[in-house]
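Take a look at this one; I'll ask things after.
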Amino acid sequence: MVEKLISEGLLRTTKVGRIDDKCDLSLPLVVVNPRKGEIEVSASHRVSLVVWHDDAKECTLTIRLAPHTQLSLTEVYASEKYASLTIEQGEASECNVTTVMLRGAHSAYETLLNAPHSSFTMNSAVVATGFDHAQLSLVTRHNVADCKSDSTVKSVASGRAVAEFKGLVYVAQDAQRTDAKQLNRNIELGYGRVVSEPQLEIYADDVKCSHGSTVGQLDEQAIYYMRQRGISKESAERLMLEGFVGDVVAKCDIEPLAEMLYEALQKRLNE
Amino acid sequence: MLKIKNLHASVDGKEILRGIDFEVKAGEVHAIMGPNGSGKSTLASVIAGHSKFEIEADELSFDGEDLRTMSIEERARKGLFLGFQYPVEIPGVTMANFMKIAVNEQRKSRGEEPLTAAEFLKMMREKAKVVELDAKMTARAVNEGFSGGEKKKNEIFQMAMLDPKLAILDETDSGLDIDALRIVATGVTKLHTPQNATVVITHYQRLLDYIVPDFVHVLYKGKIIYSGDKSLALKLEKEGYDWLINDYKE
Amino acid sequence: MKEQNIDIKTTIEESDYKYGFTSDIDTEFIPKGLNEGVIRLISAKKEEPEWMLELRLKAYRHWLTLKHPTWGHLDIPEIDFNDIIYFAAPKKKKQLASMDEVDPELKATFDKLGIPLEEQKVLAGVAVDAVLDSVSVKTTFQKELAERGIIFCPISEAIREYPELVQKYLGSVVPYADNFYAALNTAVFSDGSFCYIPKGVRCPVELSTYFRINAQGTGQFERTLIVADEGSYVSYLEGCTAPQRDENQLHAAVVEIVVERDAEVKYSTVQNWYPGDKEGKGGIYNFVTKRGLCKENAHLFWTQVETGSAITWKYPSCVLMGDNSVGEFYSVAMTNNFQQADTGTKMIHIGRNTRSRIVSKGISAGQSQNAYRGLVKVMPKAENARNYSQCDSLLIGDRCGAHTFPTVDCRNSSAQLEHEATTSKISEEQLFYCNQRGLSTEDAVGLIVGGYAREVLAKLPMEFAVEAQKLLSISLEGSVG
C-alpha cells in the first residue's frame, strides 16, 4: 500500500538513524519494515514520520527525542508481527503517535518521559477480525515531574478475533504534577473477545491520573436515529464502526495517508 | 396522509397509548400538547417505528400504506421525518457523510440517481441557510459537541435536506433561547407547503406563535381527550390542563 | 502551605493503634510445625468424622506441591510454615453452662474492645459468635434462630452435627486446590462459622462474628461457610481488631458463600487488625480467599472496610452462575505507615443477564502501598452481562503509592462493561477552606476522607457503619501541631 504514496512523491523513504536539520524534511518520512535500531530526532521543526510494517519479521525500535523537538509518528501494522517501540523523550519534547493496526499484530510501546514538560499523546485503532489476535500494550512512564500523557486506544473485535489491550501508567515518586489519561474503548461483535488491562501505578500524590475502559456494542439510539433519516440498519452499523476507528485516523497529520488508512479500515471492517 | 385508528402501545407490559385516533392531511399543521408523561413522545416514536413498543391498532397508515410492515428506514424514505427531542451524538461520523448517505438512500428508493458530490454540496449550502446553520458544521461529527440550540437547528437542517411529506417535531422548542427558537420555528414555517404536513409536539404556546397550527390536540394518559383550534393553545397557556383533566373522567 | 502538608502527614502517622493491648488467657497449644501428624491431631481434637480428615490430608498433600504466589503488588517476607503453631484453643475448664462460666479475662478483653457479647447485644438484636483465637467460645441467640430453622454455629460443631450439609457445600465454592492459601486453610483450619438459612426464611437479625488473634505466634486459619437456601435472606457481619504484637502473624481465612436461587446475602467486613508499628515492624498478614456462588436470581453484596493488617491480600468475589444473578462489591481500603494492601474483587459472569457493580475507594498515607486488583470476566454464554466498576484512589503524602490493576475479559458481544478510575489528593485549598471555617486540620482530613468513603460506608448495616466511621477517624487521629 505504502509504495503507492512513495512513488507518487507523497512520502520520502528513510532509514533508522539521525533525523536532524541536515535531512530533507520537505516531505513526511517513512521507514518500511525496520528490524532493529535507533532513531534520533533532533530537528528544529516538527518531524513527521511513518513506520510501516507489512512483513512478519520482528521489530525492535528506539526513538529518542532531543529536548524541545516535536515528532508526529504514524505507525501502521498491515501484517501480523511482533514489534516493540521505546520512545525516550527529552525536556519539553512533544510526541504524537497514531497507530493503526489492520492485522493481528503484537505491538508493545514503552514511553519514557525522562525530562520535565514533555508530552505524549497516542491514538490507536485496532481492528481484529476473523481469527486475528491483536495485542497492543502501552507503558507510559512518568519518571519526572510536570509531564503530560493522553492515550486513547480503540479496538474492534469481530468474528472470532481477540483484541487485547495492556496499559500501564507509571508515575514515579516525586513525579509531581503529572497529568496522565488513558482510555481504552472496545466494540465487540459476533464471537469476538476483548481483554483489557488498564493499569495505574502511582507513587506521587500531586497528580491527575485517570483511566477508563469500556466494552460494548454500537449505540442503539444512534442506529435508530440514523434509520429514522432513511439509512439502512446495515449502513448505519457500518458507519458507526467506521466513525469509531475513523476518529483515530483523522488524527494522522499526513492527509493522503489518512485517507488511505481510512479506506483500509473500511475494507477490513467489511470483510 | 397519516391515519391512526384506535392505537394502543405498551412497553414492558405497561400501556402508554390507550386508544389514539389521529388523522393528518396534506397542508395541515397539528400541535399535540399535554402534561409530562401523557405519551406524546411515545406517539412520535411509534409512528417512526421504534422497536421498543408493542403495538395494536385498527389502522396505522401513511399515504394509504400500512406502517406496521415497514422498517424504520422504509418509513423515513417514504417521507416520514421525526425531529428528535434529544438528537443523538454519533462520534466519528461527519454530518456531510451522514446526510449524503441519507439523501442518496432516499433517492435510490424512489428510483433516482444519486447526487454527485458537487450537487450534494450545493444542496447542503442552500439548505443550511434555512436555519442559519454555519456550513462548517457539516464537517463535524453528527451532533457531537453541538450546543442545545445547534442540535435543534441541525434537526431542521436535516428536515430541509430530506424534504419529508410529514414532519413530526418532538419538543423541538425545548431548551432553546428566544433567538434560536425564532430561527428554528421560522425554518419550519419556510419548509411548510400545501403538499406536506407538520405535527409539532410541544409544552409551550410560544412555539405556536411562529408555527400556527390548524388543530391543537391534548394528549392525557395515552388518549387524545380534547381537540380544538389554535385558541385552545392560548387557553392552555393561561389556565393549564386542570380544567380539561377534571372534566375527563375515565 | 508546606507546613500544612507536614500536618496532614503527622496527623495520619501519629495515630496509634487504639486497640493494642494483649490479654492473658490460658491457651492450649499444639507444637509448632506442619505435617500429617499435626493435621491428624487437629482433626482428632475436634472429634471430626473420617471424611473431614481425608479432605484435610488431600488438601495438605496438594499444598505441598504448590509454591507461594508472587503476583501481588506486595513485598512479603518469606514465611516459614514450620514455625507456626497451627492450633491454639483457650483451655476449657469444663463445659460452659452460662455466661458466668466464661473466662473472666476473655470477657474483660471483649468488654475493653467494646464488643457487647452479653445481654445488651442480644437486646440490640445481634447474635454473636465470638471467636477467640481458634475456638468459638460462645454463641448467643441460638434458640431464636433455631426456631426458624437457621443454623448458626462454629463450623467444628457443624461438621459433627450437620455433616450432610457441610459435606455438600464445603469446598464447593473454594475448592482446596483453588490456591496456595485455600489449600493450606483446608488442611489446617481450626474453626470458624457455619450458617444455614433454610428455604424462604429471612434471617431476622444481623449475624455477626468477631475474630480476634490473641495468642502469640499462632496462625489463624478461619473457615466460614454460609449457605442461603432458595429465597432466603441473611446479612452477615464480620469484624476484627487484634491486640498489638511485635511478631508477624499469619492469617489465611476462607469464606465460602452459596446463594441459592432467589436468595440474597449481604456480607460486611470491618477489618482492623494490628497493622504493625510506625517503622513497619510487626502486624498481621491477612491472606484471605472469599468467594460466593450465585444461582438464578441470587444477589450477593460484599462490603468491606479494611484499615488494618501489615499486608492485606484478598478479593471477595462473585461467581454469577445463575441467570439474572447480581454481584456487588463495595470497598474502602486504608493503608498507613508501611502497610501494604492488594485487594479488590472478581466478577465472573456465567449466566445470562447477570449484573455486577464494583466501587473501590483506596486511601494511602505514610509510606504505604495500596492496590486495587480486579477481574471482570464475561463467559461466552453470559448474554447481556453488565458491569460497572469505579476505582478511586486518594493519596495523603508523597511517599505512598496507589495502584489500580483491573482486568476485563469479555467473550460475549452483548456485554456492556465500564471501568473508571481516578486519583486524587486532599488539596491544600480544601484544607485551607476548612481551616478558614474553623475546622482543625485533623477534623478536616477526617471529614474529607469520610466524604470520599461515604458511598461505601452507606452500604454497611447501621451499627457497622458507625464502627467503620470510627475506625477511619481513629486511623487518622493524632496530634496536630
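So that you can tell them apart, the chains are marked A, B and C in the order they are listed, and the count of residues begins at 1 in each.
By definition in this document, contacts are C-beta pairs under 8 Å (C-beta built on N, C-alpha and C of every residue); 3 or more make two chains touch, one makes a residue touch a chain.
From a predicted model like this one, the values you see are computed outputs, not experimental measurements.
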Taking contact as defined at the start, I'd like the list of chains shared as neighbours by subunit B and subunit C.
A
Farthest chain from subunit C, going by the mean of C-alpha atoms per chain?
B
Most contacts overall join chains A-C
Calculate how many whole Å lie between the centre of subunit B and the centre of subunit C, each centre taken as the average of the chain's C-alpha atoms.
57
Could you put a whole-Å number on the gap between the CA centroids of subunit A and subunit B?
42
Mind pulling up the subunit C residues that touch subunit A in the complex?
73, 378, 380, 393, 395-423, 425
Given the complex, residues on subunit B that touch subunit A span 48-50, 71-73, 76-77, 81-82, 84, 87-93, 97-99, 101-102, 105-106, 109, 141, 158, 162
The answer for subunit A against subunit B in the complex is residues 219, 221-222, 224-233, 235, 239-240, 242-247, 250
Parts of subunit A lying in touch with subunit C, wherever the complex brings them together
173-174, 176, 186, 188-217
